[in-house]
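Let me begin by handing over the structure; questions about it come next.
By written order: A, B, C and D. Residues from 1 in each chain.
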């Protein structure tokens, strides 16, 4: 994958979040504070504004994305999505060339970073419920090439997102609702699914 | 008319205001501050609580009613209705016996007191628009006896009340609305009409 | 009706109970519904007595205390207090040096305070009255009830309260009160109606895309109903008529932007951010400013702007210590 | 949406402009969205920095000033500020004597303040943090995000601000902050939802005859939805869980009853009239009380009750002078 492919991914993620902004906020209204859509849109707009000229390498791209998210999103999602990207660059075997295995390793490092920061476990009804199965699915499909791995990851993320619906939240604002948090999809799991779907779509188009 | 007849009038007025409390408040919502019904009901409940044992004479009755209204209603209607009754007693030719002419004179004195206090003229869209024609109608029908005079007064009051609808208010809270006060009946004119209707009904029943 | 109430008929009595529970330096006369300073008026000090319908909190009860009012008579919601209440407040507050009645220009308030002043005079209390009529939304005329009294009342109570605290006599206190009253102009805008507890539903219906311009503080509809506008446009709707009414608005001023009860502070600040440059443009030199809920209309969403042209004496007295539940500084 | 706004995306920036226009003793860093005292922190004085999402005004920006905070970082509405903002506030406020971060326990606030503290430490600023988690509506557990931070924050900022003003060192300031934090319990009730400007409609729908019990300050639904109750019953729903959580609630306390933004003062007083006897029954000896809008949730109708068990030092520091837009006495 070229740096351009990865820049296209980030742009596609921004577009997906913009398209789903109201839906993300609506999900966050049910069990949170009605800002996840505006938070992510604000941050990704700031990110995209920094991608012209495009960063020189995947490692630089991930650093820019992570730092910009940290400094423009706020809330819980800002440090968490920020950490995801900040951990990806250093996990790349080489700062430039990125193959399926390398991106898989970077994503895993990113997700582990989110877990370390947020201390959520699978089943806590957070973005981790989409991200964790996604990286496992990536690794399982890695031999079929990046587009296939990304598609598998996106599908796993979507299943993980949907599986948050019956859960009682133990982390994030939704945890304040106790049993009432059940019956609603977690907004962060929904935005994380958009992240992986954007990747799958971008890599499919690049093939 | 006996003191008992006049006590029955005041009780009937209280009952009419209680029955029309929400309507008076609704009228006051349109062009005022949504309290005329509760103001009058509160005051008349306090008045009725003072009528047992019944006052010894019409003059005493009117004084009790006036003083109680002044000290329990508040707002614009408290001093105005209070003044109406406070001026009636002293205007009676004798403190005890009351005939058609005597009650007419008392009512006239009362209404003049309201005008002196409130400085409203006919056409200003206030209770005066019901009270003024009512006392004129009373005098015109006085020869037919108290029940007929009271009925004529009540009918004139109702016409006066209805005639407030197109007027632009120059006194009271409705005046703050300027032209927007047109198209609504004045709440004080509505309660004044209830006062005279209660008198007509009471005297008809006493005949 | 979404309110913290028990029986709507008991709102005033029960709110007074809460005020008494919260403020040990106030004394609530529950029978007469009068809020007083716990300490009796110092001998020789002119007493300031105000009052009006309830539903405008912190006005007036929240302005009782050192440097401001001596007593406030609390009427039912949006209903002027009765002469008995005002008389009780007046007699309790008088130290022998006389009492200033601060009255907002509403027929009910004027009549009830008038009657109370007559009764007080008969009891040997010297009473002077000032009637505040500052609301530029209402056209003034000798044929009408005249302008409403709104935000200038708050500023007047603070400034004149400070003069009374210094020991000025009744004539001087009343003269300053009239000066402040004449120097003030106000204008209010409502985004929603309020709900009078006894009525149980909103006083008026206002569609989602409309607002009322030129409202008072009793939940009455305003002078006109227009399309909901941006804060920037609303600021102009508030500032322009005030500036216009002054003729020449230039000079030092004290400004009050009060929420009407249902509008949160973040919006009030945003609105003030739009008002400030408009005032500057008109030459208003804002020396002091208060932003928050000071004179309200129950739970109405909206705001009112008050500009009082202030001379050096007014500014000095504004800065003097005040210790009340609603306004406090310097002590 | 019935609000004083222009573009919903600009609410925070424009509200900050209003704050700057109104308060000459504050300085607004518009780029970083930080509110500071106009005067730099006195050499040797520990600085208090707080912050959080906007929509809770006057908290926190309105508590910047002598005797309370040195700086506040204002996030977007209901969104924690970013590490950059908190870092800017921290660096600007530090006089060299160190900085106390006062953080409300929300994942976003905790993470962003944590990152900022790491960055500040890397720049050589000594930082201590206290995390307030006082909301008894939320069951505490090591497996969850824990309790929310609400009203105790206001009382903590006042008390600890006074100690810092006296010149105490960072360790002492942080120790007192933890002591106050542990001594506080809060409980909130909502009668309506609020409307986040960027969302444009109420966060949740609440039928006319229902209310939310156990809400926080971000417009989130509460712990349970029940039938609308009388003020008397609601008072019990607020007091009981606090008293129960204390185990033994007896002893001197500072009490805050805060409106959530859309509830007028008259209702807050009425509610306090019901709360006071229940507290007394539980042995709570209310030494000081604040009633009004101090920690809000935009335009939500509702109220939150906070009880902080206070020792003599806390009471002494509570009474010390404070000069901020939101809280002022003694100067």
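To be clear about the criterion, a residue touches a chain if its C-beta (ideal position, glycine included) is under 8 Å from a C-beta of that chain, and two chains touch if they have at least 3 such contacts.
Note that the structure is a prediction, hence the values are computed from the model and not measured.
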Shared touching partners of chain B and chain C are none
Farthest chain relative to chain D (centres taken as mean CA coordinates)
B
Find the geometric centre of each of chain A and chain D from their Cα atoms only, then give the gap between the two centres in Å, rounded to an integer.
32
Chain C to chain D, mean C-alpha position gap in Å, rounds to 29
Chain centre separation (chain A, chain B; CA means) in Å
74
Whole-Å distance, chain A centre to chain C centre, using C-alpha means?
54
Going through chain C residue by residue, note those that touch at least 2 other chains and give them in order.
77
Mind pulling the residue numbers of chain A that touch at least two other chains?
none
One finds touching chains in the pairs A-D, B-C, C-D
Please give the residue numbers of chain B that touch chain C in the complex, ascending.
25, 29-35, 38-39, 42, 70-80, 117-118, 170-173, 175-178, 180
Residue ranges of chain C in contact with chain D within the complex:
1-6, 11, 14-22, 54-55, 57-58, 62, 77, 191-192, 208, 211, 228, 230-232, 234, 261-274, 276, 289, 291, 293, 296, 298-299, 301, 303, 323, 325, 328-331
Contacts from chain C onto chain B in the complex sit at residues 53, 75-85, 106-108, 111-112, 114-115, 135, 137-139, 143-145, 148, 196, 198-199, 203-204, 216, 218-224
